[in-house]
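Input: a single structure, listed below in structure tokens.
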Amino acid sequence: MFGWGVLKGMLVTLWNFLLTYLWPKKGIFTVQYPEKKLPLAQRYRNFPFLVYDGTPHMIRCVACKICESECPPKCIYIIPEKDAEGRVQKKPAVFDIDYAICMNCGLCEEVCPFDSIFMDHEYEISKYNRAEDLMVRKEALLKPWEYFAKIRPHDFERIEAKRAAKSAKAKPVAPAEKPSQKPDAGPTSPQQGSVPKNG
Amino acid sequence: MAETIDQIFVLAKDRFLDLLGIVLPDWIILLVRILISIAVLLAVAPVVMMYMTWLERKVLGRIQNRYGPNRVGIFGLLQPIADGIKMLTKEDIVPKNADQVIHFLAPVVIVIAPLLVLAVLPFGRNMIAADLNVGLLFFLGVSTFGVIALFMGSWASRNKYSLLGGMRAFAQMISYEIPMVLSVVPVILVTSSLSTAAIVEAQLGWKWFIFTPWGGFAALVFFLCGVAEVNRTPFDLPEAESEIVAGFHTEYSGMKFALFYMAEFISTFAISGLAVTLFLGGWDGPAFLPSWFWFGLKTFILILIMIWFRGTLPRFRVDQLMGFAWKVFLPFTLANIFIAALWALLPYPKNFIADTIGITVILTLLQIFNRKETPKKRKYLYAN
Amino acid sequence: MSLPCAPTLKTELLEVSIGPQHPSTHGVFRMNAVLDGETVVKLKPVMGYLHRNHEQIAETLPYLANMPYTDRLDYICSMTNNFAYALAVEKLAGIDVPERAQYLRVMMAELTRLVNHSLLIGFLLNDLGAWFTPVFYAFREREKILDFFEAVSGSRMMCNYFRFGGVKADLPESALDQVRRIVRDYPRFLDEFERLLAGNEILKSRCQRVGILPKELAVNASITGPMLRASGVNYDIRKADRYSIYDRFDFRVPLGMTGDVYDRYYVRVLEMRESVKILEQVLKQMPEKGDILSAKGLQACRAPRMWKPPAGDAYGRIESPKGELGFYLVSDGSPKPYRYHVRPPSFINLTVLEDLCIGQKIADAVIILGSIDIVLGEVDR
Amino acid sequence: MNIQEIKDDLIKAIPNLPLEVEGSSFVIPKEKFLSVARFFKESPKYSMDYVSCITAVDYPAKECLESVNHLYSMQKKQGPVVLKVRVPKENPRMPSLTALYRGAEFQEREAYDLFGIIYEGHSDLRRILLWDEFEGHPMRKDYVSEDQEL
């Protein structure tokens, strides 16, 4: 009989209509955004930030420029710090990320051998100006290592364990590596492979 | 007490006129009496329209598992007002090549028809603005007039989509006018009156026409034609947003656009009201609640059904739409006149049997003759 | 149709440019249609409004850095785009993939198929005029899958999850439960969807016998994916190539009989049911633990700029939800691809758009386009 | 399918065919291209009824553009046969596959658009992704875009 299928379809919508009142938890899947927010997955990635240990002067980044060269849309810009004699230091003087260009792929985090750049969970970053406001400088990028522990506890544990193992191994031989002059030089130790295996 | 509440609007009007009667002459009272009705209708109609948009958005939202408007005011009740402000403050864009005068006139004209037809709707006992003895004819005649405004808008816009929409609107409205009127004829035949108030009175005491075999189907056909008449899903071809952008109102913005919507919603209300009047006993209902409440409730339910349609059904194609009117509705309504005549002619048990047989025969015939167009069930193969 | 008054009545064809800003061209696609009344007599697809020379960009970047760009091709199924690209590079450099990673890949690909097909059906129904209800029901279910994608890869749509020789990261805890829940609930949703739509007479009369694609034309015009199978050609690359580990699963390929819009719609529904079946088997067979990246793959992913595949060329293709998605890579032994070409399924499926639309009504042209299932990110690249 | 076996069959079917095997693909002169494609399409052993991927590669060192065609068989579920045709860069003309496969239509237009290979016999060879007034063919290695010098 013509019309039976229409009626069946209408019953489905009626049921969904009633469900929103009878059992709102199952019926409605809207989240009232500014008041309520969905929990983010630990691995959620947005824009990158830089990690410091303790105080903001202790930037973990050594300005090796690996992320700068690996970044697919080339949104990272680094100038290493130089001391009075013009020698390159293991610290960035300028570290800019253009959030307008960044495409949140997370490759910088993956290739960084020093565990210093990570993807943030911050997503409410609307700005009025595309050119200036979205060019984020080093000071704004810096966030403490504890912040990372808070947003991604699983990765934090893994990286802490890795770092502990590395420093235990590195300590007897040499306390620090040579500052990498060549920007394209890859990571030197195989353990620094940044592909996470378990999370 | 119940009587007072039932007649509260009528009594209020009379009391007010009595007060005026102390100082004013009779002929002015007569004029004021008319003006009050007009003013009330003109004031109520936009409010009804505003809250129908709210209702539609709310119900559609719930059908689609979301909240619908809920930010402006409690339950989003102030949303229509916010919308209205937005519409009023929006820039009014008129295409450069449009016919300026007609482009401006179309949205103005289009709201006239739905407002006019409200005059003959009996909203409750004694609550009718103008009890014309040709009320039904007036309603059907005037509501057709809206299509001209619609075509004015589409033609004057000089937009190809608008033109297509206007063409569709014309074809659709004229086609659906015929089965719509024919489905009303049995009611006139049985009540032998064209006055809407008289039609309601004929149905008092649960003798609603929808409970008779001919009336049930006539009501269905009338309602579907009404849906087509006011361009709502599944017959919303003139403004099919996925095909011809917005049809006849593609080139309208701001308040003019809102006026098109207002016309649509008020006609929706009016058509539902007429369906209630003709088949659902009008304001008839258990006496513990006032008559205007029953009218409102029934209209509300019909409007809900229309919104429910919109939330569920896909749209017809233009040839199928026409086919539906000419191949299904028209033969059925023609036969239905005969069936209703049988009902009026024969005594009770016989007429019921005769009607049932008649309707079965006509439905079977329709099924047989339209079987070419009826879709089939499909089978699917699987390959490994 | 010729009317008796036709010679005296002056009539003209109406040229309408549907798009690039039109509600149902699924992006910035344009159809230059010539209408006779409501009937389409000529229709030319015009594309390129979203062209960003993806291939050119890819040739300036190292192999791995292209992975996030492939997400942006068909942004609805980024996982399968990754899959095809990873497959091509693995073929080029001879990288093996560990067991668990294979299962993860298949899982992601099939979940993507669910996402794509349910979304497509929702939007197709939207084109038909069912005002967003099917879309929202589809979104409701897609949400759960996207939550899973987010938990695993970090992003809901731009997953960037596949790596050469494996995947980026193993599943987090309890993510497997998420998949189990999806697999358990999805058939129920499909039943609901079917009750809502499949029997609907309006939908049937709108879709049946509309835009019929004959078998021979479908093969000749290189149509792939559900659209090809709706025309009754038994060709599924999962079966034909048996890439990855698809030979281990027991699933069937649904075939349509007529090749009209309704078949294209319903074949996708049936395909989703088969995908659920594959997912069930994946959950059963997947090893508990294991590597997710092979040693060779680790090399390629650790320092992308240093990694050089051997010179040569390779064509990797998969059955993406829209059809055959292929990547043709030419390497000259440098870290960047010498030539990188995408064979986008929806672009090539558009070849027959004009043939399908001619003689149909303008309303049909819209749903025919909807049933082809295009994503402009992929068509225009 | 063994590449040697295919080669033998091909030489048997089309005598005097200057054929080069390069990896797993055949390099054929453009004059013979259509007849080779027709052989693969029509011979019952191969029945390559499906052209999957048509693209081009620019080799500035060799002064040629290479057209790469992947043929598969939907009927027999086998493939691919890769046919490569090299055309000189000054005069990049080659026969179009559209005579045999409708599926080549858009892909050849794309190759024309981005590489400038002129497919003879194509019924509608216009730019497809770029706009009609565009000058040059951006996928060629020597293409310099307007803003690249900045």
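Observations
Going in written order, the chains are labelled A, B, C and D, and every chain counts its residues from 1.
Methods note: contacts are C-beta pairs under 8 Å (C-beta built on N, C-alpha and C of every residue); 3 or more make two chains touch, one makes a residue touch a chain.
On a predicted model such as this, the values are computed, not experimentally measured, just so you know.
Counting C-beta pairs in contact, the pair that comes out ahead of the other among A-B and C-D is C-D. In this assembly, the chain whose C-alpha centre lies farthest from chain A is B.
A straight line joining the Cα centres of chain B and chain D is 62 Å long. Remark: chain A and chain D have CA centroids separated by 43 Å (rounded to whole angstrom). The centroid of the Cα atoms in chain A and the matching centroid in chain B are 57 Å apart. Between chain C and chain D, the centres computed from C-alpha atoms are 25 Å apart. Across the assembly, chain B contributes residues 63-66, 311-313, 374 that each touch 2 or more other chains. For chain A, the set of residues that touch two or more other chains comprises 2, 6, 9, 12-13, 16, 29.
Pairs of chains in mutual contact: A-B, A-C, B-C, C-D.
Only residues 61-62, 64-69, 71-72, 133, 137, 140, 143, 147, 150-155, 158, 160, 163, 168-170, 172, 192, 195-204, 291-293, 298, 301-306 of chain C touch chain A when the two sit together in their complex. Contacts from chain C toward chain B in the complex involve residues 14-16, 22-24, 35, 38, 125-133, 136-137, 140, 196, 200-206, 208, 232, 234, 236, 239, 252-258, 262-263, 266-267, 270, 361-364, 366.
Chain contact summary for the complex, chain A toward chain B: residues 1-2, 6, 9-10, 12-14, 16-17, 19-21, 27-30, 32. Chain C meets chain D in the complex at residues 47-48, 51, 53, 55-56, 217, 219-223, 233, 235, 239-240, 312-313, 315, 317, 324, 326, 328, 330, 338-339, 341, 343, 347-348, 350-352, 380-381.
Across the complex, chain A meets chain C through its residues 2-6, 8-9, 11-13, 16, 29, 40-45, 66, 69-72, 103-107, 110-111, 119, 154, 184, 186-187, 193-199.
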